[in-house]
């Protein structure tokens, strides 16, 4: 069945293929598992145009860290996960993480599940202005990175595409690496706030809670872009359609009528709605802290 | 079919009865319609125990104001709706609205759709302390009400039942009327942020986005309680089950299997999830302003 | 006496000259007074380089609206003041206010007296994205302005000069007029939150609560800049030095020792401190609302 | 000279006595110094009525922890200070810290230097509701304390005295220990956000940024009260008068005229003003985190 599903996780796109479809041309999936912490790290590599077409995603590397305990975690567990995040950001950014970095916190600060990006930026150790004032020696003595940061807000607040704002800021401040933080949509409730995706492809249009944003990537910005995302919502139409599909697999169904019905769901009012947990405030606070720890540690010299 | 649905609107409970079930014993439904503003005002009166059982709601009066344009409203439209709200609060509270009033903003300030109550309280004109300092003459000269207010937070933040906090505060400050503001769950996406329910029954347990709160009503608090609620979310399990039911009505279904399936939905992870619009921040900001205007005007002498 | 005082109001600089100094070369002061509302409107025009040197301010027009009742105001009073603000913005911006406008809310959202700019932006009716989506007809039918807005945060949060961010954004989005909103420092406690300065000169470095910002003006940005400011703080060193001066005028003093003493005050720890009223949250909320009303009305077609 | 100064630190009252006044009857001052961390711990014990009169403070123990590096601290330094705070809370509360504790975050969340109490409460690990739901075994297995918490807001927001709200809540929930967190006023700029006072006397009227609160202490509440405060502001009138006094000590002065002048300062508009640093947002965020760490660790079993 082919209704329009909505996920921002490459891993979930990969999982959506039938199980016997062991290989997709142009796509490589590898996995690591940390038994002690129950942390699974999956890497989806989209190698070529064939893979990109199949996955409906740009060519590049998508690393997914799944840490199911993250919502009930001790401080130690949170440090382990933070380390995994740091290591994988470094893996994709290489030496650039020690160069001039601009971190962009996407999303709407006023909508709790969409406030992940701004909350991460709030806890960053921003240093660019200090280095410009006190010089390189100061940077080295204090083992500082060179970090600037911005939470531009969403189009309904600014009237501008995020890409317009960021492109302009890049031209004036010349960072060598952009790190974009955003809240994502997952298909699975169990992945919410327990999963981190790190990709070297930038962010595709329509991701996150908001929509219609133009892409933020190396092509549009002229600088390497690492995108870090955490699913904090499930698309309401997706959760309804997924449940319906499961129902029909259980009970048998008339394929044509069902297809029509799901199309209607996708065109109904729930199309601009999202599903999120009741304690989303605590969850976003906690994981945004884990992300900012990872970034602060990643940048520091 | 009889799965556990979730709505905080008495009107929706009434609507859930089959259409040919014109009369429910012990329940009276009356309607008014303002053609110019397209505002519908429905009053559900639960008269006796039979009505209470049928409606699964306490005996009392539930007024629902539906203002479908509220999300795209001009200032004039918002004033009309504000007037309707004011008039119906007065209808249920009588002269008590000019006496000492305590307004309680329920909900979690950090979760956007649940922040309605605290946001209303933020815009209230609180006067009790002024009257205690400057006396009754000051009150009369300035046409002030006698208003105190509290946003106690939710149990996950305080470790206390809201009823414990409010009961204690009432004992010390002796208000003659309690007005409780809360975000509600509706069954219908189109009612979100466009509908206001005013009831003289207090608030029943498990209402709103949070859950497990004990009732705030005249029985528990010893003072008359008017509850004002606005649906800002739909329960995720409800939206899934409702869609599924519609599907089955369209396509025909095996009743037993379906019942079992829906039970599973109700016991799944989506049970602690809610559905809300992407621009919930703007919507809650606007309607909380409409409510606080209505209250400020209602209390002033 | 010539200690370094700190005010962002051109009117206060003008007032600081000895009273018998009726005329300052290159500076014209005119006044209007609305008896009913007790609103005084003073215009300081700095005509040439001589005036600029004397005033230590760039050449241009500085309009100051003083509305001493603003902190205890009725809704009507607030509307009158809002009208005065709107009219004077139009006076300085001409037809540009109906063209593409970018409003910049300077200041730190997390520090109450410095949150004026972001709070004004939060209440703006932003439309640029709507017009790009629905076209010019939509704009005209709905009498919309073409408004974009940004609250970039302060250098300690972003690591970037505000001028870098805004310059970049302007290059990408091409607004025809920039309106900059900022919290200012006044010398006089009685002017806090009751005074609005509107200037066509942009904002000079070191204004507001923060410091070390580079100028935002037509020269640096290439677009006309109207700056709107409200004093929300008094510089702590200034309030101390001003009181001391008054003391010495009363009691007589040894000029040399006093000069030395005040220099020390200016170099002491209080140099990074500001003075602000205890109810600054209510005051900023109210006046930012007045400003955004004025702007929304000013832009709409 | 005897102008009305404003400090909430017992240590500063003690310091205000002339230096040769080695002993004050009924007041004992002891000091400890941690050389490595440069942390000074001073204990002022007011033993009897004579001491209470001299100090204008209730009988009891006031512990002051001065950690001058706290604003530029590493994580390790912050942990040391957190340990000192924890140890001294335990010293004053004894076994009660393991019993049912209610933490009250005083102050106005919307005014940055006054938001210390609410920010500490936001980071507390609140458990009372969990223990009521899952029982004592759950508490012991997980080494939990029994913690409830409330940020009631200030009188301008609620119309109620804080003591009314807290007294009522105590009657309903029966905690065995109250811990009150508040922002204080210091006389010295260098103590802001680097000093913690812990007292077993409760909080005296008029403390903090707000004013006119009635006392929260064992007498008014019927339960032991530990007050934890951090100076985040200096009273504006005090900073002016203190500077003036220093000036007069340097230059010589006419005592009578000066006294009159300072009285005028104290009756002027600056009387409702406070002085606070420009980066107060970062400072309060950091020290409130240090306090909540200390409390979380103090309560856990």
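The letters A, B, C and D name the chains in turn, as written, and every chain counts its residues from 1.
Here is the rule we go by: contacts are C-beta pairs under 8 Å (C-beta built on N, C-alpha and C of every residue); 3 or more make two chains touch, one makes a residue touch a chain.
These numbers were taken from a predicted model, which means no experiment stands behind them.
Student: Provide the labels of all chains in contact with chain B and in contact with chain C.
Tutor: Touches both chain B and chain C: A, D.
Student: Roughly how many whole angstrom separate the Cα centroids of chain A and chain B?
Tutor: Once rounded, the distance between the two centres reads 36 Å.
Student: Just the number, please: Cα centre separation of chain A and chain D in whole Å.
Tutor: 42
Student: When the centre of a chain is set as the mean of its C-alpha atoms, what distance in Å lies between chain A and chain C?
Tutor: 39
Student: Going through chain D residue by residue, note those that touch at least 2 other chains and give them in order.
Tutor: Residue numbers touching two or more other chains: 156.
Student: Looking at the whole structure, which two-chain pairs count as touching?
Tutor: Inter-chain contacts occur between A-B, A-C, B-D, C-D.
Student: Show which residues of chain B lie in contact with chain D when the two form their complex.
Tutor: The contact residues of chain B facing chain D are 121-122, 126-130, 147-153, 155-161, 164-165, 167-173.
Student: Give the list of chain C residues in touch with chain D in this complex.
Tutor: Chain C reaches chain D through residues 108, 110-112, 156, 189-190, 209-211, 234, 236, 239-240, 243-244, 247, 250-251, 253-254, 257-258, 261, 265, 268-270, 272-282.
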